[in-house]
Amino acid sequence: MSFVSVSNVWQKYGNRSILERVNVEIDEGEFISIVGASGCGKSTFLRMLLAQERPHKGEISIDGGVTAKEPNRERGVVFQKYSVFPHLSVRENLIAAESFDTAFGRLSGEKRKTAAERADAMLERIGLNHVADQYPASLSGGMQQRLAIGQAMTAKPRILLLDEPFGALDPGTRLQMHDFLLELRDETNMTVFMVTHDLQEGFKLGDRVLVFDKPRWDPHDPGMYGATITYDFDARDGGIPFQLKEDADVSA
Amino acid sequence: MSFVSVSNVWQKYGNRSILERVNVEIDEGEFISIVGASGCGKSTFLRMLLAQERPHKGEISIDGGVTAKEPNRERGVVFQKYSVFPHLSVRENLIAAESFDTAFGRLSGEKRKTAAERADAMLERIGLNHVADQYPASLSGGMQQRLAIGQAMTAKPRILLLDEPFGALDPGTRLQMHDFLLELRDETNMTVFMVTHDLQEGFKLGDRVLVFDKPRWDPHDPGMYGATITYDFDARDGGIPFQLKEDADVSA
Amino acid sequence: AAEEKTEFKLAWSIYVGWMPWGYLEDSGIMDKWAEKYGIDVEIVQFNDYVESINQYTAGAFDGVSATNMDTLSIPSGGGVDTTALIVGDYSNGNDAVIMKGAGGIADLKGKPVNLVELSVSHYLLARALDTVGMEESDLDAVINTSDADMIAAYATNDVEAVVTWNPLVSEITGSNADANVLFDSADIPGEILDLMVVNTETLADNPAFGKAVAGAWYELMALMAAGDEAALTAMAEASGTDLAGYKAQLAATEMFFDPAAAVAQASSADLPTTMTSVAEFLFDKGILGEGAPSADFVGIAYPDGSTTGDSGNVKFRFDTTYMQMAADGAL
Amino acid sequence: MRLINHIPGKPLAVLLAALPFIALFAAYSIGSDIRLDANPQDKLLPAPSTIAETAQRLFTEPDRRSKEILLWNDTFASLARLLGGVGISALLSLLIGLAIGLLPYARSAMSSFIAVVSMVPPLALLPILFIVFGLGETSKVVLIVIGITPFMTRDLAQRVLEIPQEQIVKAQTLGASSAVIALRVALPQVLPRLISNVRLSLGSAWLFLIAAEAVASNVGLGYRIFLVRRYLAMDVILTYVIWITFLAFLIDWLLKTLSRKAFPWMEAGL
Amino acid sequence: MRLINHIPGKPLAVLLAALPFIALFAAYSIGSDIRLDANPQDKLLPAPSTIAETAQRLFTEPDRRSKEILLWNDTFASLARLLGGVGISALLSLLIGLAIGLLPYARSAMSSFIAVVSMVPPLALLPILFIVFGLGETSKVVLIVIGITPFMTRDLAQRVLEIPQEQIVKAQTLGASSAVIALRVALPQVLPRLISNVRLSLGSAWLFLIAAEAVASNVGLGYRIFLVRRYLAMDVILTYVIWITFLAFLIDWLLKTLSRKAFPWMEAGL
């Protein structure tokens, strides 16, 4: 059986259908890129995977479980912005990924010490050890996103959800982040869902690229039908034209 | 004689030298790209051209005039952000470029009518006629910058100053803006100074590329010496490697 | 800096003996008399008694309704030469020391007392304590309490005794069975005088002002003495009560309906003694100002020309001229 | 599920919103009952029915003496003072705020002064105000003005300073004079803030109004409350309190609506 | 050159800043002179030198009757009430604000109630406060609490709601319970706002304190001002006004400094 299974999911807000009949099966360790027109429901789909909201109909199960009711440590997430806590230093942001699971949100004594050690190891890995004691506001956008990813991974989620994680970064930083993400991926074999606006990025990073679009369209009532997955590309073996192009770009 | 003449310009803030011995002569109609490390003084140089601040030493003259004391209609400007007035509609923003020069900042009767007509013609040219009555906040970043450029040009300045005008735009929009700017340039023969972080952009758009950097460096006191123009590339005839690369990109 | 002028302003605040001032203005009696003397007198109501005296002292008004004690401390103590034009009444039970539950003045020992500090209530308390040989320091504390909130204050458990005036006294005694009046102004008759005081210089330069005011006042006094329902009802309502309530308050007020009686009070031989003890009280409390060297630093002149206090610094004068004219029907 | 993820349904939400009001009413009724049981003449917590009767009387029956309905007279008098005071404050704060925000000279001269003035307790200065401005309407309006203008001015000046320098420079490159920049760039952008400042300051304005009316006045909501406080006529006081609360709410709502209608560009974003 | 581009030099700026203070002082001195010329005993506008003497006496000389320096007693009493009231308000507004901002149930139940309560004029309710809380310290503190808590709560709740939803979701994915989110995500982020709310509310708090002390008290800054008003001792009143202004300034400055020191992450940006 597949690891993540989305079966016949519908979502609507009020009378507006956003998504309909979404079905997809994901294996453990797959990197799924999600693309589609603006406003077609990509973030909505991610929010349902995250259990931030529940589908109007249908089931989303991870590893055979039932549809979750609220976000939990099984699901890690990184948004385009505001993914880290501005009032915690970089190191504390990582420690939070362990301490927030306790009754008062704090670790003390030995526990805190080992958590801090693990945090420092993670900082090393994401290349932020030189700014461990700074606050996020003093970090560049790319560093903040690396921290956000590191933080999400510290909690060891079963799936990682990324909603346009690099949308606010400039092109150069973006390329660095791709390398960073590819490296992490090689190391961890995490199941990842990433929404992106950038087709090229989607194909470069993803094992599969899901395209959301409206298959049906009522010109009198645009809110009548929702979007669904219209294409499901295999992006593993460079079989896609974009990938060539993009490789050239990276080498530049 | 050259059109814009910068002679022996120094600038310091408190004890920190920012720019020193900047000399450059610009012909009318030239498009000057300005590049350099972050914080090296590119914006400072632009502010002095704009007369928003005066040089500590040296002269900046346009068409043989004396160093200006404050910004005026001779100098148009577009910043990365906040270049348009959020409380005026798109059309009003363009009319403002004519009306702000009057005693009360308003035009009435016939004058207003002809100004509105000219505004509509400009809107046509910058492709914003369909949003003439909307407010800037409802426009995308690219549209806002197009409006800002249109507004600056409506005032018919003698030099146009752009400080990272596309810095906040995503790559696709950025390419569109390049085309837009190149078109305008062909039509108007304006003297333009553009600061950019993107070398490629600088070479693509500019006739000349000025590089700012610190020629001297005191390791004990980084504020001791200022930056100056260290390179002055001719970028007109595709003689530069970047240009090849960037052409390929545009065609993609 | 006074001189001859034709426009005058009087200030008054709500108190049983001063309600006629409001009625004088509303009924047109004042205007009638002012017209007779070719002047204009405006009578303005204050909600805040202290503020009205302050305004007079600062020169914004030519006269104000005040007690003998407050006149001495604020305008006279502040160097404004002031004349008592009309002695309207003295409090004859209108001010009272009230304790919750049975007992006498001596039982106030160790209790907090709520009152408007430095007011006639404070003076009344001092006089009450005198009668049993106690001092303020024998009390737990004197707690300054706004008159506007005295009734609410009495209803709280913290409060054990209050000193206040009418209509608050009748309100408290009327609606609280446990209210025990220990001492009231009827025990010290003639000591708390309710006056209309005016600027001495203004009065000297403008006798017409004195005549018009006195004329109007005693016309109304005659009406009140005759029990004029319309006038009394209007005053009752303006003071927030009904005719019966107002009459009850009047009963505790020794109104001088007859100008001759007022003249007699002002010329009374007891007055200098009273004023001296008031001055001592004021000095004792520091109310005469920190600069006041002694209790008799302000001079007070009486109708017969005698003075108490510093005769070189007479700032408070009892003058019966105009009341006498009214008594003689000379207005 | 976490508490933060529990969202009440529509009908439950309405019920919940009503709950504290009902609870308050119930608490009052019970308190009133207890006191009235002990002493039927108790004035402190009149029965709700008594308040309702009083309210009806106050709103509809003319006063015997003046033949006018006092509550309406009071309302008009107080509102005139309030709006006068707030209006003047708004105007002043706008003028001074713009000057401070735009002109370096004005900023140097006035910003520390206003910072100090805004800390002065205006109530303590009442006696001086009455002397200088007399007892009429002026001094009441002036108390409000003195009470709320410094705060509003400081905030507006701050907002003017927050207008991106880019816009000011841009306006200059379009030939705008200082006056045009004030009038056409800064003014329209701080007007919405002016309205929200007025909304914020109205609470204090009411306070100053009530305080001023308590000292010298013969009409006004604050005057009436002060007058009847002596007799502990809580039925009248509570009617007035509820009425003032309603008026305050109404004014706040009007200003909010005005702000939304008048400044479409504020919400055009997104 | 445009007015907006004229920038005064350092010494001129200092002079300009002093100007309004000097002007005020001069105006007062002249007014005082004129009045004292007319009546050397005038109390309304005492000469600056008199005020200085009075101030010195008030600060250093013990009262004849009580042998204590009244000004310090008043200051301590008032500050205790003020800080008590403001402290309780801060705590309450924090608790309720967090609840409203984070919990949909609390939001439904309380937000409209608080919106209404914030419009009630607290001064008018004084009699009820006295009965319920007595005439002692409690009712004074409670008046401050009732006066400023609703506003602070509304604002804090708003700020909690403005915390990006992303952070709340992120915390949940890290396993945070509602309590942990309140304690570790929302609380630290609204604390700076709490401080600025306290700063904003202190003006009203002083007002309520002075009003409460005027009603029933035997010590306190407001009490003394109202007491000496009884004999128009403007020298004392002005000394107290200046002293209160200074205290207000000091508290404001302390809070500002505290905020800057305690929340380094606020300014780490840029």
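Note that the chains take the letters A, B, C, D and E in the order they are written out, and that residue 1 is the start of every chain.
Assume contacts are C-beta pairs under 8 Å (C-beta built on N, C-alpha and C of every residue); 3 or more make two chains touch, one makes a residue touch a chain.
Worth saying up front: this structure is predicted, and the values here are computed from it rather than measured.
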Remaining chains grouped by touching, chain E not included: one piece
Chain pair that, of all pairs, has the most C-beta pairs in contact: D-E
Averaged-CA centre spacing for the pair chain D and chain B, given as whole angstrom: 47
Chain centre separation in whole Å, for chain B relative to chain A (CA means): 38
Mean-CA-position distance for chain D and chain C (Å): 38
Contacts with two or more other chains, residues of chain B listed in rising order: 70
Per-residue multi-chain contacts in chain C, two or more chains: 51, 54, 58, 148-149, 152, 155
Per-residue multi-chain contacts in chain D, two or more chains: 2, 44, 127, 131, 172, 177, 229, 232
Of all residues in chain E, those that touch chain C in their complex: 38-44, 54, 57, 64-65, 126-127, 130-131, 134-136, 214-218, 223, 226-227, 229-233
Chain C residues within the chain E interface of the complex: 1, 50-51, 53-54, 57-58, 73-74, 77-80, 114, 117-119, 141-146, 148-149, 152-153, 155-159, 286-290
Residues of chain E that touch chain A when the two form their complex: 164, 166-167, 169-177, 179-180, 183-185, 188-189, 263-265, 268-270
Interface residues, chain E side, partner chain D - complex: 2-4, 6-8, 12-13, 16-17, 19-21, 44-45, 102-105, 108-113, 116, 118-121, 123-128, 131, 151, 168, 172, 177-178, 181, 203-204, 206-207, 210-211, 222, 225, 229, 232, 234, 237, 240-241, 244-245, 248-249, 252
Chain D-facing residues of chain A, complex: 69-70
